[in-house]
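Dropping a structure here in structure tokens format, bear with me for questions.
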Amino acid sequence: MRQLKDYVLRGLLWLSVLLSVAVLVMIVGYIFVKGMNLISFEFIFGDYSPTGGGGIWPMIVTTIYTIIISLVIATPIGILAALYLQEYAKQGRLVKLIRFATESLTGIPSIIYGLFGAVFFVTTLKMGMSIIAASLTLTIIVLPVIIRTTEEALKTVPQSYREGSLALGTTKLQTLYKVILPSAMPGILSGIILSIGRIVGESAAIFLTAGTVAALPESLFSSARTLTVHSYLVTQESGDIELAAAVGIVLIVIILGINISATLISKKLNKATNK
Amino acid sequence: DSSTQASGNNGSTIAISGSTSVGPLAEKLAAKYSEQDNANIEINQIGSSAGITNAINGVSEIGMSSRDLKEEEQASGLQEVVIAYDGIVVVTHPTNQVKNLTLEQVKQIFTGEVTNWKELGGDDMEIVVVSREDGSGSRDAFQEIVDYSSGELVKSSIIASGNGNIKTTVANNKHAVGFISFEYIDETISTIDINGVKATAENVLEQNYKLSRPFLFVYKEGKLTDAGQNFIDFILSEDGQRIAAEAGAIPVK
Amino acid sequence: MSIQTNSVEIGKANKRKYFLEKVSSRVFLICALLSVISLLLIIGFVFYKGSHPFLVEGYSFIDFIFGTDWVPSEDKFGIFPMIVASIFATIGALIIGVPVGLFTAIFLAEIASKRLAKIISPAIQLLAGIPSVLYGVFGLAIIVPFLQNTFGLAKGQSLLAVILVLAIMMLPTIVTVAETAIRAVPNTYREGSLALGVSQIGTIFKVVVPAAKSGIMTAIVLGLGRAIGETMAVILVAGNSLIVPTSLTDSVRPLTTNIALEMGYAAGTHQEMLFATGIVLFSFILILNFVLAKISAKGGN
Amino acid sequence: MSTAVMERSESLVMEENQTVKVQSQMEIKREEKASKITVKDLNLFYGEKQALYGVSLNIREKEVTALIGPSGCGKSTFLRTLNRMNDLIDGVKITGDIMIDRENVYKNNDVIKLRTKVGMVFQKPNLFPMSIYDNVAYGPRMQGIKNKKELNQIVEESLKGAAIWDEVKDRLKSSALGLSGGQQQRVCIARAIAMKPDVILMDEPTSALDPISTLKVEELITNMKKDYTIVIVTHNMQQAARISDKTAFFLNGEVVEFDDTDTIFSTPSDQRTEDYVTGRFG
Amino acid sequence: MSTAVMERSESLVMEENQTVKVQSQMEIKREEKASKITVKDLNLFYGEKQALYGVSLNIREKEVTALIGPSGCGKSTFLRTLNRMNDLIDGVKITGDIMIDRENVYKNNDVIKLRTKVGMVFQKPNLFPMSIYDNVAYGPRMQGIKNKKELNQIVEESLKGAAIWDEVKDRLKSSALGLSGGQQQRVCIARAIAMKPDVILMDEPTSALDPISTLKVEELITNMKKDYTIVIVTHNMQQAARISDKTAFFLNGEVVEFDDTDTIFSTPSDQRTEDYVTGRFG
């Protein structure tokens, strides 16, 4: 009976992972099959041309800008907020409220963030349609992800580390910085990777706040078009699936690069602390 | 190319935003225009309403719209210029036998009176209607000319946003019928003649083909800069209209 | 009083430390409050726009919720079919996405060899970065025709297609967050259970997973957020028909899709009604989070 | 090194035989007790690092065998080979044989059966984040016991057996992690007892306990000897002397001497053993 | 209950005075040692649950004070009040006074200074996931010591002091978590010593150690007495007898008796103390 149950559960585990991997292979495979033909040096590094045949370099640059700016703002805020919630706050009303707020933020459709950003950052704060307005909007979108994953990571750090450090007459800040954060790093990193995914994958919130100008951005206050917005427009208006998929390939490569360097960084950090 | 000249020009940037169907045409016009005049033109394709709103509250100088202005929008002092016309064509899956319909038959299809292709001389299979979303300029124009209201649209119809999505949907389903702009016609879908008339720019200009609607530029009265005015003049010039025609739109004259 | 004596007693070096301590805790608090402030701003914004038709223009909220006709150009605004669609789509995606995601996470954390996990986990994280539009395109090109052919339908755009696409989109979030949580469970728990002669599977499901419960709940909440908030992919595969779904193969229009689909061209009352749709969606999210919080609190005891 | 140990353990066998000739009554008692666990030439590596060198031991049924030796000498490591807990550690390599009831532990793949039969109490208490009751009922439940009365009884007996019943009987449903270290360790013992195993391995089970509970647990161990084979790691010489029948002295991953507890503590044959046990105190 | 304790400790003071009259030489020695820690009527609650009842103690400078008592009686809890580690636990309420060097620990808000001055070694080893070196250098570094030579020296001295230097000197840069339990605990002691505190609190610091390391640590404690005030929780009566000057016997959150260690172990005045210490063994 018990053995049977074990077999069934084990079977389900295998089935699930096979399903997940199959889906992964199918999606990535589909994108590569559809888009590979378009990939060329000119396509990646060329300037955009509205009459066709141009490249996507401006969108690549814009995408990287939005990732960097959003993360530079959201990561510290998110981590510090999580630190407050886990390490400082008395587990009372305020914490519950903050937690509820962050959870609710995750479920709001991005188009609403986009409209909010368009009214608040673009119009009210007079940033205009710009990379900075989009990045701030994206910051609000990924904050909950970073806060929650960091909180979880902090929860898994043994209490004995905190005690051990504080008993040596260190401050909470020193303890956090030297002991707690390093051992929570893997969890935090996976939150950041998820956030990058969210930033990169976003379209509605970006085209309403950064617009769709297909030129190399001059400054953070220029409007610009990200890769995803490009593939969105292309799908939506011309139905050029090949082009959208080719953009997807470039995105996958970019994300792969980021994820690999993130893992390398975390390995390095671990070496610094563990070895 | 826009990135290099942008920093060097006399500082006049023309900010344009709005309809995603007007956008590609406007981009092409802007690219040609900036070859002769080193103006910096920013085009944001974010939807007609967002563009109109931007024109009203000054985020953009010019708004692009593929629909007519609402009363309250006109009341807030917007001016409109028709920069071109856009032909609308009924499309089906390439394997569909039906190649010609009357305007009345089109109406019957979209209002659900006819639900099987065999009633129209095709194979025995269910009709799947694909329409644009409520508020779309193409849809407004289409419904007005075919003569049915949004309320009459068959309820089970698929609603797709944008020409591209209609095209992809129809190209992937042999039951489907939808409508798109002329400029997006390609071999993945088959076009339907209306009352025996082919969907071509000439036929629209000679008023033999009825399905078309205007592309608009709108701007706040008195807020149009010289640069903006020059760009509009360029579009309406012979050169500009030729470019529009090459891009698949129908010239104003 | 005690403050005076303190200032004498606390050494110079420590004074700086305490100052830093105080400042940093304030900064941390402000960071935490930022998310609350954003939420309040967004709620305020949505409510301000969305309540206008009911408070000023005299539309009935009841008709809005329970009306079955949505024809903005004819001034008919009923979102009942969309509410039903949203509920079904969310539940469906949960039913498929959560178990598959959790089981995958468990597999990767507990069963897979290190080498295998090192390949699969990052690959699944990669899925998180693929733009939702491409999920939609994939859905439209692969899932929709597949459903159409399998079930002999006239069209594959359907509730089921929405559920499948959403379930897929939830996967990376659920797998990544849950895997991290499961890996963090101390080894002593596993040892304790295994030493009692409990099988690996038994240990996983009875000790490890419960110990990782909090992280797993987070995974579900974040994954669900992704599913509820998703628009671009859903637009492509939902069909967006305005009917109350009675079967998995009906095409549907969830609330989010309605907003994203029409916002670009909406003006005036139509636009405000889309924001009102946002309010309903919002309440939906709040209720869901509330329920999830209750469930996780219950599981805690 | 390992050959040296082998020689020594052989010579031990010889000595034993001689003793047997003299004390015939003792002999009968001993003979009844069949060999329960036989370890032959066991080597264990953590990756490159060898932690056990040619360990050979013969553990008899229904006796208490104590493992003593300085910190880091491999007592825990050895103990964990007996129920294959080292399987969980990456990169552990094992050579040699361990037979329990004539079955080769590392050839037979039914670890579940092995671990059901061979219970374990760890050095650090490792209760699950559940209620006290659920912790103790965990093993039996996983064995398929669902009857509430039966479970209640098992839990009560086990907790009583571990000398912790009185302290926790009023809060069986509250979290086990709220207990003090000593209390937690005793619940760990209860959890192991609840499985009614054949062999119980204990890794310094009383190192976190106060003398009174220690005494209770020792009494318990002495009682349990009737039914169980017990292997216990301890740092406490007195404890080893008090409760064990046989004692093995470990040093740097080797068994220096393995003999009757009395012999080890009174007339050890190895100088190192003598040095160690006469640093007697504690 | 707490009044009963108060009375007793008062009567102890009286007894002491009488003794003083007799042994004048002893007295002089004692007088030199000023009172380092004075605890008055300390009550501690975990939420609703009271864990300490009116504890009053007087701990003298450069002496070793042992805290004994059965598991769960509040020894650890009491110890942790002395460096305010209980501040970390939600819902802990404390009444009464603790004075260290005439400063009220709970009125003065400089916990950092307090904890720098009052070091601690915990019941379970709690090394950080860093290298052995970094663990020991952690405290000094946080105090702002950056000089490499100075740090090296501190680390070496501290590890030697904790009788672990020889075992780890070749792998100072490898992870501290790869050590055995006993080794880890000694590194914990080294980590505390590295801070050169005034007072060292130890919560069963040798419960995971083998006799030889225990002996070393005990010697170390006896040596450290010259410079430090030490409060140690132990379950080991012999240990308490061997190394401490004063012993406090805790029971159910109260101090039943607090006196010279000799007195406690030879002629305790409370029956319960006698019962406990004559269950002598281990």
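Going by the order they are written in, the chains are A, B, C, D and E; count residues from 1 in each one.
Definition applied: a contact is a pair of C-beta atoms (placed from the backbone, for glycine too) under 8 Å apart; a residue touches a chain by one contact, two chains touch by 3 or more.
Just so it is clear, the model here is predicted, and its values are computed rather than measured.
With steps allowed only between chains in touch, the distance from chain B over to chain E comes to 2. Looking at contacts between chains, the pair that accounts for the most C-beta pairs is A-C. With each centre defined as the average position of its C-alpha atoms, the distance from chain A to chain B rounds to 35 Å.
Each chain gets one centre point, the mean of its Cα atoms, and the points for chain A and chain E are 49 Å apart. For the pair chain A and chain D, the distance between C-alpha centroids works out to 51 Å. Per-chain Cα centroids separate chain B from chain D by 82 Å.
Shared interface positions of chain C, i.e. residues touching 2 or more other chains, are given as 17-18, 137, 141, 186, 199, 202, 236, 260, 263.
Multi-chain contact residues of chain A (touching two or more other chains) are listed as 2, 158, 171, 235, 241. The residues of chain E that reach two or more other chains are 112-113, 124, listed in rising order. Interface of chain C with chain D (complex): residues 114, 186-199, 202, 206-207, 210-211. The residues of chain A lying in touch with chain C in their complex are 2-3, 5-6, 9-10, 12-17, 19-21, 23-24, 26-28, 30-31, 76-78, 80-81, 83-85, 88-89, 97-98, 100-113, 115-116, 119-120, 140, 143-145, 147-149, 151-153, 155-156, 158, 171-173, 186-187, 190-191, 193-194, 196-198, 200-204, 227-228, 231-232, 235, 241, 244-245, 248, 251-252, 255-256, 259-260, 263. Within the complex, the chain E residues that touch chain D are 69-73, 76, 123-124, 167, 179-183, 204, 207-215, 235-239, 242, 276, 279-282.
Chain contact summary for the complex, chain B toward chain C: residues 20, 46-50, 52-53, 67, 70, 72-73, 125-126, 128, 133-137, 140, 149-151, 155-161, 165, 168-169, 172-173, 175-176. Residue ranges on chain E touching chain A, taken from their complex, read 83, 85, 88, 90, 112-117, 119-120, 122, 124, 126-131, 134, 138-139, 142-143, 173-175, 188, 191-192, 195.
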